[in-house]
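The next block holds one structure in the form of structure tokens; read it before the comments.
By letter and in written order, the chains are A, B, C and D; residue numbering begins at 1 in each of them.
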């Protein structure tokens, strides 16, 4: 199907923007879903040398299809090396060998801290979420973290119900005080735009907005008084190569 | 030395009511057949330990045989949540389940400490999170640098159950593909059962092959297809459609119970 | 990413006077060719780290380029002692060498801690021995059980040098057979050089094969036969006669010096 | 060559006596030299199911020849499983999975503590020995330890110059106080006889003497007032099968 014939969706833009972030990245750590799609797309279009690392222990996986789980057979069959889970977390993640980690979350606060544990009280949750998985140590140790999440008021909240993963904690100096090696979240990529921590305060600020999205809409979908960058960029629209590659990938 | 048994005999002999049981397999090689046999034999009040509960523990929790759950990620990988796991925690259905949750790094190191028979392992983790106050970890200081680290307690399950591709007639086991924490789980546990796709005359060394010698295994049972809907690399494929199906079907308590009755307990449809 | 270099260029670029250098290989895959190149290039005042110094460090110590030695077993495996190692410690010949010795368990865990970039590792060991007072270990208490354990400090060498069977043109390395602590040594060090028997177009996965990805290696150098008189499983055999010959020949300082001049430094016989 | 034609040497008796000790053993941990020869002989004659574990990481090795080093290629080629050195010491030795460990030493005291570090002062040794290797943790963790050493006054000493490896420490209760899991040394097999710890005192006592050896000779070669068992056994002489197997093994 020719590219022209189909509207670009917000999700497509979000995935492509995430993929572009990996242009100069050596190694990326990815969970399943959109992050995995974005990383595979980046290998196809922006950075063929990109090394994909999955927490299942597959290092340098080269999947042709988008895996459903982080441990699909194709990841094992195409990996440069497969290691045990203890080795993955001790020798590879904990040691800080990964440049960029893609993470998702059910709740994000203004300092890019993440909740993937519960909505409501821990003892009597309204919604019990999957939990931490590898996220706390991944966010502490990887070179930088890029959060990928749908932009909605229930996701971008004033206060997390539970701090599963520390982004920038309570602001400047928090990560240093906690002894974290990585720089933490450098961007939150949503279906409306891109938020980046403002250097002085580590507070997420809207720095990029996707084509056709209204700033008020972004403010509306953010649970705190969202700051907007003085020079708000508009996302460069997905080009034909990116769109064709993404749609081809999704059709496989 | 590992004893070759039928799966029913192995479960009957190794797993008792109230035991702490670790059925491991990180996405790959999940021992579904063994878990279903535990359900069929009506074991109760189990402490279920597993990094990623996955569909298997969703089934065991939903059927009501779990007293306690120790885990680090309770999701349906790539699909969403685990509805029976949620229902048990959110609404105590069919019974209340006590939980202890960790991060993957913590759980992996807890198994490694158990395999080394050390009381704890040391890592950088948990700090700054609300998890720290909700689970069993403790601060520990490096005596050389003064750096504050975190200790996690060793895992020592009563029984570890894992699935592998093959075993020889002496009970030596070989698995390949994603190894997860299976070796650690077996070595950390008091008793162990390994189900295998096939029994062979001789293990032929393979790329990525990990051999667990018979003398550290309690029992080996042949269970062809025993990891479905997970997979055994090179022998069966992961049934991704089933993982998607489970997400829809298992939302409803009655549908779930019916499905378990028909497909696991082998009871006639009402 | 690993850079493919000649061995002389790699040593020139990676190893400087005064560096702490770990040339590892547990009986198998000992990087003799790289060690000899270090000697030929006249590096000085090195801190030599290695679980089993073996003949290679006996040569490096005897030739006088070691300022300090960190080790756990300084013998000629199956043959006897290491005479140059003994002469240096007993008589400061050709120079005094500071030593720090550990047990194998301690050294292995020190490398593992280094590979995980943790400041220390915890184990059961050393207690009751006179070693405890002579080396860097510290008591540490399990916060859960109160058991007294021992901590050893992580090893973080400036350079790790290991030998493997093969690498591809991107610098991905595969070794098989006894893996020792080579992977840990490479991951624990600031820089790393891996010498290989051969460079191949593509690494063919093998039983027991361990692949170290190019992106955690600094340099790869082709050095066929580079582990002799140790061996590279499947390619060269261990020269046990040489290990016996070394025991006799190396007892005498002059014979040793002459042998090194002829066979390593390539100087004409006096 | 027929067995009859050759005298049984003291060394042959020592090796065969050591091999016999492994008749009912499941797993044995061995260094090189006589221990390795004894363990291979035991597999040939007394216990074909015996599992040999070497610190090089080779588990279940089945060498046809006596290896010179603990890492000879034949050990790797015949092993059931090969593991890294950290795994060997953490998951296998430290966890106490090995039943019997054969150890040697340059010095042994009356409580079967061992020195393989220095003769003389540590700072200025008369003789610098190889050092600890795996011995301290092996002796602490394995089910039991059997020491194999030549019987000589300079080896069986009143006081060790350096305690490399703890046997029974200062006597009863010492191992428990140190938190060791294994039973420690159960026998010291020499070229003159067998010494075993006397239960009440943990002091080594001569319990078995090799054929043709005089008790006074053993006393003479022991650096402390050696106690002799009330019912001193005489070693059952090597039989033809044992001798033929041992000599065949040594000739390979």
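Simple rule for what comes next: a contact is a pair of C-beta atoms (placed from the backbone, for glycine too) under 8 Å apart; a residue touches a chain by one contact, two chains touch by 3 or more.
Note that the coordinates shown come from a computational prediction; the quantities given were computed from them, not determined experimentally.
Between C-D and A-C, more C-beta contact pairs join the chains of C-D. Work out the mean CA point of chain A and of chain B, and you get 28 Å between them. Per-chain Cα centroids separate chain A from chain C by 41 Å. Per-chain CA centroids place chain A at a distance of 58 Å from chain D. Annotation for chain A: residues touching 2 or more other chains are 90, 94. Chain B has residues 112, 116, 118, 123-124, 147, 183-184, 208 in contact with two or more other chains. If touching chains are joined by edges, the resulting network of the protein chains shown has some other shape, matching none of path, cycle, star or complete graph. Listed by chain label, the pairs that touch are A-B, A-C, B-C, B-D, C-D. Residues of chain C touching chain B in their complex: 116, 118-124, 136, 138-140, 142-145, 147, 149, 151, 153, 205-209. For chain A in complex with chain B, the residues that touch the partner chain are 32-33, 55-58, 67-73, 75-77, 82-86, 88-90, 93-94, 117, 122, 125-137, 140-141, 162-166, 169, 174, 178-180. On the side of chain C, the complex with chain A involves touching residues 1, 112, 115-118, 172, 183-184, 187, 210-213, 215-216. Considering their complex, residues 26-27, 51, 59-60, 80-81, 90-91, 94-97 of chain A touch chain C. On the side of chain B, the complex with chain A involves touching residues 26-28, 51-52, 71-75, 77-79, 81-82, 85-86, 89-90, 101-105, 108-109, 111-112, 123-131, 134, 147-148, 177-181, 183-184, 208, 231, 233, 237-238, 240, 243.
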